[in-house]
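In structure tokens below, several structures.
Same chain, two partners: chain A is paired with chain B first, then with chain C.
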Partner chain A sequence: MPLPLPGIYLPVNEQSDTSKICVVMVGLPARGKSLIAGKAMRYLGWVGIPARVFNVGNYRRSNTPQPQATFFDPHNEEGERMRRAAAQAAMTDMLQWFKKDQGVVSILDATNSTKERRKWIAQECAAAGIETLFVESICDDEDLITNNILEVKTTSPDYKGQDPELAVSDFRKRIGNYQKVYETIGEDEKSYPYVKLINVGSTVIINQIKDYLSSRLVYYIQNLHIKPRSIWLSRHGESQYNLTGRIGGDSSISERGEAYARALPELMRKSGIPENTKIVIWTSTLRRTIQTARHLKADTGFEKLEWKALDELDSGVCDGLTYQEISEQYPEDFKARDDDKYNYRYRGGESYRDVVIRLEPIIMELERSENVIIVTHQAVLRCIYAYFMNIPQENSPWMEVPLHTLIKLTPGAYGTDEKRFKADIPAVSTWRGKGTSATHQEFPAGGH
Partner chain B sequence: MPLPLPGIYLPVNEQSDTSKICVVMVGLPARGKSLIAGKAMRYLGWVGIPARVFNVGNYRRSNTPQPQATFFDPHNEEGERMRRAAAQAAMTDMLQWFKKDQGVVSILDATNSTKERRKWIAQECAAAGIETLFVESICDDEDLITNNILEVKTTSPDYKGQDPELAVSDFRKRIGNYQKVYETIGEDEKSYPYVKLINVGSTVIINQIKDYLSSRLVYYIQNLHIKPRSIWLSRHGESQYNLTGRIGGDSSISERGEAYARALPELMRKSGIPENTKIVIWTSTLRRTIQTARHLKADTGFEKLEWKALDELDSGVCDGLTYQEISEQYPEDFKARDDDKYNYRYRGGESYRDVVIRLEPIIMELERSENVIIVTHQAVLRCIYAYFMNIPQENSPWMEVPLHTLIKLTPGAYGTDEKRFKADIPAVSTWRGKGTSATHQEFPAGGH
Partner chain C sequence: MDTLLTAEIVASSPQFRRKSSIFVDAIHDLPEKADLAPAQLYSTESGRLFHSGRIVIITVGLPARGKTHISVALARYLRWLGVKTRIFHLGDYRRATIPFGEDMPDDYFYVNATASSVLLRQKIVRKCREDIYHFLNHENGQIAIYDAVNPLASGRRSLAKEFAKHDIETLFIESWCDDERIIEANVRSVKISSPDYVSWKPEDAVKHYLNRISARIPQFQTMEEKDLNYIKMINAGERLIVNNRSFGYLSNRIVFYLLNLHIKNRRTYFARAGVSLDAASYKADASLSEQGEDYAQKMTECLLAHREAEKETMVARGDVNYEPRPLKVWTSTRRRTVETAKYLHEKGYTVRQRSQMSQLNPGVCEKMSERRIRAEFPDEVAKHELDPYHHRYPRAESYHDLAVRLEPIILELEREQNDLLIIAHESVLRVLYGYLMACNAADIPFLEFPRDEIIEIIPESYQNEAQRIHIPNLPEEIIPASPEDLKIPVPPSGFVSPIQGLGSPADGLATPQSGLRTPREPERISQQHVEDVV
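Entry: the complex of A and B
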């Protein structure tokens, strides 16, 4: 029976005790497999599904840390044997992880480039009661491949400390060796559920996807793109409620908040906007975010969109109260929230978990989009930030996100680059440490 | 600039003034094109996007109401000319509709089976600033095709009043004529955004989908299946709040509500459940729906799942009040809600429009699912019912959905069959007519 999960809009892990999935990456080297694997893992972790990548290269490196291209020659029997051993070791660990650690989605990151290898994986998984989902990345765009080779593979541990030019040339030879035996997923493999991504998102082929979790994953993967872009995050300018330490509500921004709104266009420019770039502004439907974004004008390349999904975490009966008042009027709730801030749901309101679920379509749309600035609220911003920066759920509700600060995130192949731009406009601190009910507490300098 | 739509989780028509889309169906006769077209239109209408199907057959019938198969022979010049004229007439009306009636998504339902015809459509649309999205339905499953021929086409106006056997034989000849010239969407048509559906959902090929609205449509289409199934809808049993005429809350069911809960398994059996059928129960996270479903047991083939998205419309500050109290305490709101019940949002709560948006993932998952019984709340049930029965948004908030009544919906090729099963257990009426604040008003016998 599926696990009933109260309190979520999309029961993404409804089937956690009936279906476990092994996502099997397929493709030549430098086709973005690890990028897709890493993003899928981050997405799953963010929606609360235990997911882990098993990278066969890491297993191979334990014996052969820096092999030359000849190691991957299909006629090299010793190389072949060691690579098979690495695949076997990854499989063993993976099956253990499902069994002992309640894993739900594993991602087997390797070339898995022959029908024979894929058949073996499908059989091993089937024997352990694990569904497979093959994700093949095909790329015939030479620029894309070259970029992948240059950007990604010269940073690979396989070539650490080596001359980058020699590394690239050796890596091209390695790809050549894989090409000799590579078989795309074929007509005779129609019984496998699979997705083929051709040139990352420009064409997608989907075959036999049945269960809900696979369908969500496939939808996520089909929305990915690799165009360079940035995402800017900002809280609204200081609000009237911020001044009095009240939470929730729909108050206007303060005088200092308005100063931040006026400073925002210049702060954006300072952060670096590529020329002739259209930037879409997403705000919530609440006054303080719309007011904060109002000086980012259409004639300088900005477009606006309001999303109810970006509204602040609903604090239910506590809406409009100060933390002091909450601790007095609802002492048990106040403590319960401190004990598990991620899961605590305000009476008649929401938890961080609820917010993550309603933000899921926002993340999906962010993956589809290019340059976006999101002007939203503390809790919502924490959740979006946690997705991009891979912050564990239990930590995200305690992160400090100061007012009057613009965060610029630039996703790259191996993570997201972050820069912060502080406007020189004072604002109250709205950060609250565990166990306190101070109205305007300063974030401890040492971090947390 | 995209239209800012306050108050929705997914701004599905965010681009309504920048992108208009013509969905171009492609495929031989009896491949389920009209079924897909009809469902897509219903879905779009439900999420609030003006959509209309233009069926070229209907235009052709105005001149040639009951053609024989020879009419569709590619060598029949007169037939060819008349079919081209029908396509032209549909196109002209469609372009008019975009221009004069603020249409957003048109669906051109025809075989559009040659590259030449598709090129013409793409050019005509491009000239009018309309994006195209080609949806090709390919079917090589003979059983599926035969079913389509028998079920669907013997009811076609083309064969009205004719001998069904002769109709089927003629229709097969007609398909043969189309097959002579049919060209699947090919490599040379890669610049078109398209989806190919192979055997309805078992394999899907997606090419070059860029804008948000197309992406949502494609996701909807890729989730469709045509396995026979039913969907049962029920409100929770009468609740304590129902007894006192209060709205919202999280009260338990009354004694009579419990009697309904006990009667529900038998009511389900009476409604007709195919043998060995697994039925999944979806409830909200509120007590009254969970209690109502509790006698549908796992050992008789039921599985349970709780969805927050199925919780009742949030009545904000009015939660827990009677209509009488609302009309006294918030007279302006009470009137505003009567004036536009679909769009009226309770202070601090939701509108029907908000509920539809949060139900969108539910509808998507329902399309993916087979047999499901949904035990939920009046407003939520109205919205789901409106989707299946194609009820206009402005009417759905006023529909009567009595307590202690099971509704069985069985989707078919040309609409949804509805049967109602009333448990013989009295309950208060919770229906309220426009302009009244009666606690327990009876629905007028004449209906509306």
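Entry: the complex of A and C
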């Protein structure tokens, strides 16, 4: 076992042992498969599990960019041959990815609508020592399907530049063609681990789940919902420590921080809250976030929760120091942190990776919840933001999240919409560029 | 809606302290206001989680399908999450209603039972239901687990309707089994140990028992009611069918938990980490000292010898092919726990580092003697003494924080099929032990794990059993507690540690928590439940 170096050691084998999983999506077009696949990939990537989606449609498009519905007719031999070739190409790349790039979870996004196709996938994976988890999405709610067709498929590359109405009718024909051969996962396939989601999880059948990672994925998928909602993120108002350039601590907010706290209810309104919307306020257990949310709570009467898991990244021995002091007292650590800020663990403290692990239950709760405003700290906010905006690990710790700014995130089918609202209350900038030990500067003068 | 309180307000109020530590009984001596449980996320005045309502979990299934096992495991988990949960076994009510020595009528479970049997049935169910209402309405209960057969769809629908009238949600959990081996194993392990079957041959007893069930309960309808919230567990978790009409936070959590639950008979061992070089410092994350290395080696030898001896015992008892389950090791990411696993790693055992398993963060109390903590933070010490489980020293974690952080570990613990050795700091062992043995939150900070003992936890049907394995030949000074231990919780003033001065620096560094409470017997989550022979 490689023994860890001070400050920067990495947990070996953090993830669930060595099992590799291929998540195989199953279902007719417009059943939300890609949405689930995309979200699962983002979630896994965020918790540090290498995950990738292999979309068979993308492989097929390289040869047949904009096929007509007849291409998908099971009696169209040419179409059938080309679609099989696309599946084969995706499979080859996927196995390669597991082997070469230490992939852990792949998501095979295609209709995989026949028993024969699923058997082939299960066999290929088993031969490569990869577990399979089939995720079938079944939907017979016409409204849901129509919505999905309109929202997603009219923007699909298959129909780019075409008349939306024709696109919809062609797409319905394509679904019809798939329906001719579609076989739901049946009793004769009960040896496969699978999840069947019927009408967005109103019935869920979970079969033969063998490992913890799969159970986590199932739990995650089960918590997803498609109701419209927004998530607001804010750092605490400027704190006494921000003023003196110290990190960590549990100081109160400054006068300007208090002004931000007072401005927050109005800023929320300005950001747009749909009528009769209930919002829940989440803060950390540290003074500066509780103080920042105080007026919002009093003004709106929203429920408020204090989560220990939202506390700032623990900077261990460096708690209460300025960046200047850290670079003087722990020069090696200071450099090590710049080299790999995501994995660097403060002596006696935490790394960004550690923060992500402790935030996982928060993300589960967020997926389940509807409207939430989170008042928290820079590092924690970066991690939550990275989850929703799919920011890679190497960038997220360097992201700039200014004080006195409200971020409104509205998750959509294929990505999250972001809007920022500045309170126009001056504050220091706490952003530090790589390789500098810049003291906190007056905002917006910040020299980065 | 509940008024929210912070954990601290709740914690500083003496009336919130639990008086008893036995699960079922403790519910009755709870004060009017709720207690906080090991991993409760936040607290409310009523003690209920506000993003979930009151729920009755209703079990469905023929006898010997593991309903009670599921009920007990769920209660353990929910209670640990801070959800006030209680199990109501209908069988207990039946026994209390039907006079001793009398049998229940033959047609008791029949669809077309005689009027007198129907009346009796209704009377028993009514009494049980009244108790459930009382628990949910007047004792701040949030989840009542109603453990009964509930064989008919019509009966289940009327139960759901009845509870809905009182604004209580229902979640049915059916345990359905068509694998004869599972049923037989269940009958063998929990049903035929009753006095009725003394001197029977096990095969005959099993057959007789199963025949009685089918005669008694000729009709059983598996759940197909799409209008009800239910989870159907097929063949002990091989498949789960979730019918989600209106699942809330807790129901989804329950599905996740059930996905990880299995009934395998595997062992969990707990061992302390060795002594480290800069043991007083939390932040230093120092390597093992020489004594620590020595401990790591002796602990490894002792554990392996114990497993070998166990295997020999099993073989001697006639189980010639007995093979213990493979052993896995989990450590925290702190150096001394990783290094304590070194010898096992060298012998080829899988070692996993889990960052969630780092010890309780002592915050400002790091490296401070008890005397100094008392002098510098008298107010904090006063608060701490009121509630050592929930109180958090400045910048420190409370045991409660630690329990919340350990939740993923708990689920993986349930999922793990192999034997498992957990090497961690005493604070982490306390919380994990507290979960497995359903300890009262207030007792968790005082559990003792002397370094010369490996704790082995063996699951049994109604409760887990703990046993201690002695590690011989350790130097005495490292056994009770090393200076690595946090000086919290601080004992009440005037307390004299029985082991003071044992190899510790002059400043009273001996562990203050030792001896505060007498070592406790393993807890039972439920009273020994008298099993029905229907």
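Keep this in mind: the second predicted complex is superposed on the first by the 418 of 448 C-alpha atoms of A that agree within 3 Å, B and C clash if a C-alpha of one lies under 4 Å from a C-alpha of the other, contacts with A are read in each partner's own complex, and residues count from 1 in each chain.
By definition in this document, a residue touches a chain if its C-beta (ideal position, glycine included) is under 8 Å from a C-beta of that chain, and two chains touch if they have at least 3 such contacts.
Fair warning: this is a prediction, and the values are worked out from it, not measured in the lab.
Contact with both chain B and chain C is seen for A:A309 once the two complexes are overlaid on the shared chain.
By the touch criterion stated above, A:V317 is placed in contact with chain C alone, chain B being left untouched. Touch criterion not met for A:K278: it reaches neither chain B nor chain C. Between chain B and chain C, it is C that contacts the larger number of residues in chain A.
Touch criterion met: A:A298 reaches chain B, while chain C stays clear of it. Contact with both chain B and chain C is seen for A:R368 once the two complexes are overlaid on the shared chain. Of the two partner chains placed by the overlay, only chain C lies in contact with A:G349; chain B stays clear of it.
For the contact definition in use here, the residues of chain A common to its chain B contact set and its chain C contact set are 1, 4, 6, 9, 11, 14, 190, 202-208, 212, 215, 219, 222-223, 285, 303-309, 319, 348, 354, 357-358, 361, 365, 368. In the complex of the two chains, the chain A residues touching chain C come out as 1, 3-4, 6, 9, 11-14, 16-17, 190, 201-209, 211-212, 215, 218-219, 222-223, 250, 285, 303-309, 314, 316-317, 319, 347-349, 353-354, 357-358, 360-361, 365, 368-369. Listed in rising order, the residues of chain B touching chain A in the complex are 1-2, 4-11, 14, 190, 202-208, 212, 215, 219, 222-223, 280, 285, 298, 303-309, 319, 348, 354, 357-358, 361, 365, 368. Interface of chain C with chain A (complex): residues 1, 4, 6-7, 41-42, 50-51, 226, 238-245, 249, 252, 255-256, 259-260, 281-285, 333, 335, 338-339, 341-342, 345, 350-356, 361, 392, 394-395, 397, 401, 404-405, 407-408, 411-412, 415.
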